[in-house]
Amino acid sequence: MKKIGVFTSGGDAPGMNACIRAVVRTAIYNNVEVAGIIHGYNGMISGNIIPMQSRSVSNIIQRGGTILKTSRSTEFLTHEGRKKAYDNLVKHQIEGIICLGGNGTFTGAKVFHEEFGIPSIGAPCTIDNDLYGTDFTIGFDTAINTAVDAIDKIRDTAESHDRVFFIEVMGRHAGFIALASGTAGGAEVILVPDVKDDWQKMLNYFSGENKSKKAFSIVVVAEGDEEGGAYKIVEKLKTQIPDFDTRVTILGHVQRGGSPTAYDRVIASRLGNAAVEALLKGETNKMVGLLNNKSHLTTYDDAINKTKPLNSELLRLIDVFNV
Amino acid sequence: MKKIGVFTSGGDAPGMNACIRAVVRTAIYNNVEVAGIIHGYNGMISGNIIPMQSRSVSNIIQRGGTILKTSRSTEFLTHEGRKKAYDNLVKHQIEGIICLGGNGTFTGAKVFHEEFGIPSIGAPCTIDNDLYGTDFTIGFDTAINTAVDAIDKIRDTAESHDRVFFIEVMGRHAGFIALASGTAGGAEVILVPDVKDDWQKMLNYFSGENKSKKAFSIVVVAEGDEEGGAYKIVEKLKTQIPDFDTRVTILGHVQRGGSPTAYDRVIASRLGNAAVEALLKGETNKMVGLLNNKSHLTTYDDAINKTKPLNSELLRLIDVFNV
Amino acid sequence: MKKIGVFTSGGDAPGMNACIRAVVRTAIYNNVEVAGIIHGYNGMISGNIIPMQSRSVSNIIQRGGTILKTSRSTEFLTHEGRKKAYDNLVKHQIEGIICLGGNGTFTGAKVFHEEFGIPSIGAPCTIDNDLYGTDFTIGFDTAINTAVDAIDKIRDTAESHDRVFFIEVMGRHAGFIALASGTAGGAEVILVPDVKDDWQKMLNYFSGENKSKKAFSIVVVAEGDEEGGAYKIVEKLKTQIPDFDTRVTILGHVQRGGSPTAYDRVIASRLGNAAVEALLKGETNKMVGLLNNKSHLTTYDDAINKTKPLNSELLRLIDVFNV
Amino acid sequence: MKKIGVFTSGGDAPGMNACIRAVVRTAIYNNVEVAGIIHGYNGMISGNIIPMQSRSVSNIIQRGGTILKTSRSTEFLTHEGRKKAYDNLVKHQIEGIICLGGNGTFTGAKVFHEEFGIPSIGAPCTIDNDLYGTDFTIGFDTAINTAVDAIDKIRDTAESHDRVFFIEVMGRHAGFIALASGTAGGAEVILVPDVKDDWQKMLNYFSGENKSKKAFSIVVVAEGDEEGGAYKIVEKLKTQIPDFDTRVTILGHVQRGGSPTAYDRVIASRLGNAAVEALLKGETNKMVGLLNNKSHLTTYDDAINKTKPLNSELLRLIDVFNV
């Protein structure tokens, strides 16, 4: 392989730039040319492709977002779109691709390979941490620190006013962010889509004898909880505890941005490096992840379809600490 | 005066603890005893009053919230409530009070003095910065840094996706937070209740030839803008630009909390000190503020009723920078 | 076991408070009383022991340092000292102890058990991450983020002036902090005590053809590097490259403090919980650690005597990225 | 004036980029071309001059350092150097210059104007805040927040160990950083070059009856204190109190870097704007500053030669709070 391409796709995640840097420099270290594809699959289709040198990724390791820009491409869902993308890769003599993203990104790369034979390796970039085949996704550590920082700030007000706050964090399908940030933020209740009896627990907490135990409380809710987002949950709670007084904060997009944490930069550096090395060794259709602190390849199929459970040791701590 | 009381009231603001520390130590320095009244006027009514020593305020200068807790008291709005409060002050031999808060707090203190003769000096603690008689309120600098930090994070995503984001910051009656954080965050548009033609400007920005100028944009909206909050504004904008695509984030309560900035700690220290010195000199019914970097007394009446305008030099920069 | 004691010893580490909270609440959850021993072994000797309830550890999860205070005790190195400590534990009916610290702390606990039969479980609290038996020590993640934050700031100046900076981070015996923070900070050279040929590499980097490659460079040095600290290294370098121009910053004690990161709070919560559960199950003379994201017991002997190597995948990246 | 140049010179300061952005966009807003001169006076001499558009300064408001790079130029101290610089300005049709820096920068600009008639306006960029004619210099607010953040971290350790820490902050000629960060950091003692009896106060604090008052203490020292830096001071202190036990941390270059605070971005925006407007109005040899929150012009002579005193209200608080 003489030339590869790299791009970011789907939602942006802190650490993408550190990963791009690792990809570019590892390619150059292996005497392989590398091109940056702008705006993900859309740029592949439109031919928005630029050469990258070692200098191109200088001083970006600490930056949030992605210098290659990202998007969700509807055109790439069509065969025509993918054909255009293929033609552009051929034109630029790109023989393999490194894709930074999540489920949708890897699905696209898999179909693309089936149709046009372009090999690819994926690096897991999503704040949600809900990808099978890696203990941590790139961006997760930054996102939970951002969430914890917000919880800390809100706890100041909660404590000063003796008030209950509901804080909604990201996590449409899984409660990784809610569980980690809730634990680290000292939340009294954590509601995640992965656990079905947490609603009843919360009801007990607020209506039972516990009610008077603590003067203030923090409830962390994953946006994808089966009961709905924070506003819905509070509404429902008020039908059962009419005088329930609380405030709601939706953290929203701040969780996606910001300078990546040390750990996110470290794993982004390792996974970007490992992705290129795997691609150059002839691997394809696999996501590189970290399992037990070692890099590891998982097929796209497994990464996309298998479910990574929440850490059970962590999950039970909420009850223990609520004494 | 041999003994004074100190309390926090209304919404909490970062720097309240630094101000409490300054009040307590200045009192002790002047050989005056000092008591802490818990939960604002409510604690005065219920007699929740504790003695404070130099050690009581050790290592709190960096903490958000208020160790004296705060509340909004409906009972203090009644004469009966105030009578109870007065009786408790007499019982604790408290001869004067330092109140940390905003408009509502000072109004209560004024009425209380009229009825029961308890002198008081107020220190301006509110993140909104909308008090006449001081260039900066305690908490404002921290709040704008929190807002700017969030804007920076969201800009990462906005730039990566070439997307427009609307960010709603606090400020029910005035646009201080929006103007300062929008300027510092490099926002393309800032909507504040103090300016009436900003809607039309925004419409021009997004619909006219400017539309294609920048790939992404940040709009900062004060919650109290005359057009409504960010969601309402976006809804209205879509009626005029049907294909307008954007995301909305409401920063919410994170703006109230957090460790105070250096500047908020400095002015909280100065104003807490100046408040006690003014009270001991026989002043009453006045708020101590900073004008031109010197401490200054303003009557409660002026502080409550007069309007502090936004900085005109700053206000015109938005247009200038939008080239 | 009806009552246990908990204390912190040796250098403080961010996350100690989160760990104390977990210990206290897990004990209470298991209907076991818990006492806090102030100032480590010194407090055990002097009888500075206080009862702890759930409320005692409220709102401390986010605080740096240790509410139980810490110290290095010379008296506990003597049999007489340990006898006094034992008598105090008996007096307070403390049947087992949870010790938060590192090598020295565990050595003391081991000898104490041999002599007086007091069982103990240790939790690894040190920013250095150099304990065998756990992938991460409590405090390490915060320390590397603090170091990376400083490196980021210094890189601003290095880039603006086209200058070389040497930054010395903690790590007397091992290069964990230097390797992680150097990687995350995008350092061009990292000098650690664990690698013996890094000096020559650096010499090549600055004297060879690489010299002109980058306009500015960051060198991260572990304080315990075999060539000495940063100042010594720069001195020696100047004897070989006479016109070498650089600046040195010693990060120092800032690395020990600060609010713990999300990850440090999470593992402190897990390890504090696991430590108490192990003690109650009859375990003793073991350190609880995290291996492959699961809690795991290692004997004090192994934790103290065995060496944890630096991550080899990470170690080779410096060369790769230096293209 | 149809074209102006902008450059940064001397030590870098957070907010320089925000100021460059304001200069560039204000020039464009006024239909004036603007060129960036790289590496300060050195770039003027070597002809390292680039055109700047609105886009050139996009998304830099939050970045530390300076995108135009900076240096201290010895060649510009010679007439020959300045002649080359003048020739390059003529070649690029640059009719006036905006210089971002401090004393040395303005001195250079003044001599340059005397010899070659190139008008200039300066913007005060230095973390030290020691320029007459402005209440705040660009970079000062960020620097004190960085220092306070470090003091907060060290206080965690100081409190946990009951130990005294000496922290040396920047400030070769004046104690602005030490006074503000020491006050905000709750320091027990602050040593500044501007006050001559602070040594004796410190001696009293540590040797007298105060000794036992507080278990731990923070001393903040300005690097330019008349007694020397922190290490020298501790050495001298030990000759008078032989068993004095303490730790020293030199904050160093971290104080120069980092993303500027909200306030630094706001004043950088205002002063960059005001500098261009003044130049276009025909002003020269003046520094634009903020006095009482309004922009104000001061002659280079006054800015360089007159001394700005420390705030007296703030200076006396140290004693008051040390009760």
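Residue numbering begins at 1 within each chain, and the chains themselves are lettered A, B, C and D in the order written.
Rule of thumb we're sticking to: a residue touches a chain if its C-beta (ideal position, glycine included) is under 8 Å from a C-beta of that chain, and two chains touch if they have at least 3 such contacts.
What you see is a predicted model; the values in this text were computed from it and never measured.
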So which chains are sitting against subunit C and subunit D at once?
none
Along the graph of touching chains, what's the shortest path length in steps from subunit A to subunit C?
1
Maximum distance between Cα centroids and subunit A occurs for chain D
Indicate the whole-number Å distance between the mean C-alpha point of subunit A and the mean C-alpha point of subunit B.
35
Would you mind pulling out the distance in Å between where the CA atoms of subunit A average out and where those of subunit D do?
39
Approximately how many whole Å separate the CA-defined centres of subunit B and subunit D?
28
Residues within subunit C bordering two or more other chains:
152, 155, 159
In contact (per the touch rule at the top): chain pairs
A-B, A-C, B-D, C-D
Give the list of subunit D residues in touch with subunit C in this complex.
8, 11-12, 14, 16, 39, 63-66, 69-71, 146, 150, 152-157, 159-162, 165, 247-254, 256-258
Can you check the complex and tell me which residues of subunit D touch subunit B?
18, 21-22, 25-26, 28-29, 54, 58-59, 61-62, 135, 141, 144-145, 147-148, 152, 155, 159, 180-181, 183-186, 214, 259, 261-263, 265-266, 269-270, 273-274, 292-295, 311, 313-314, 317, 319-321, 323
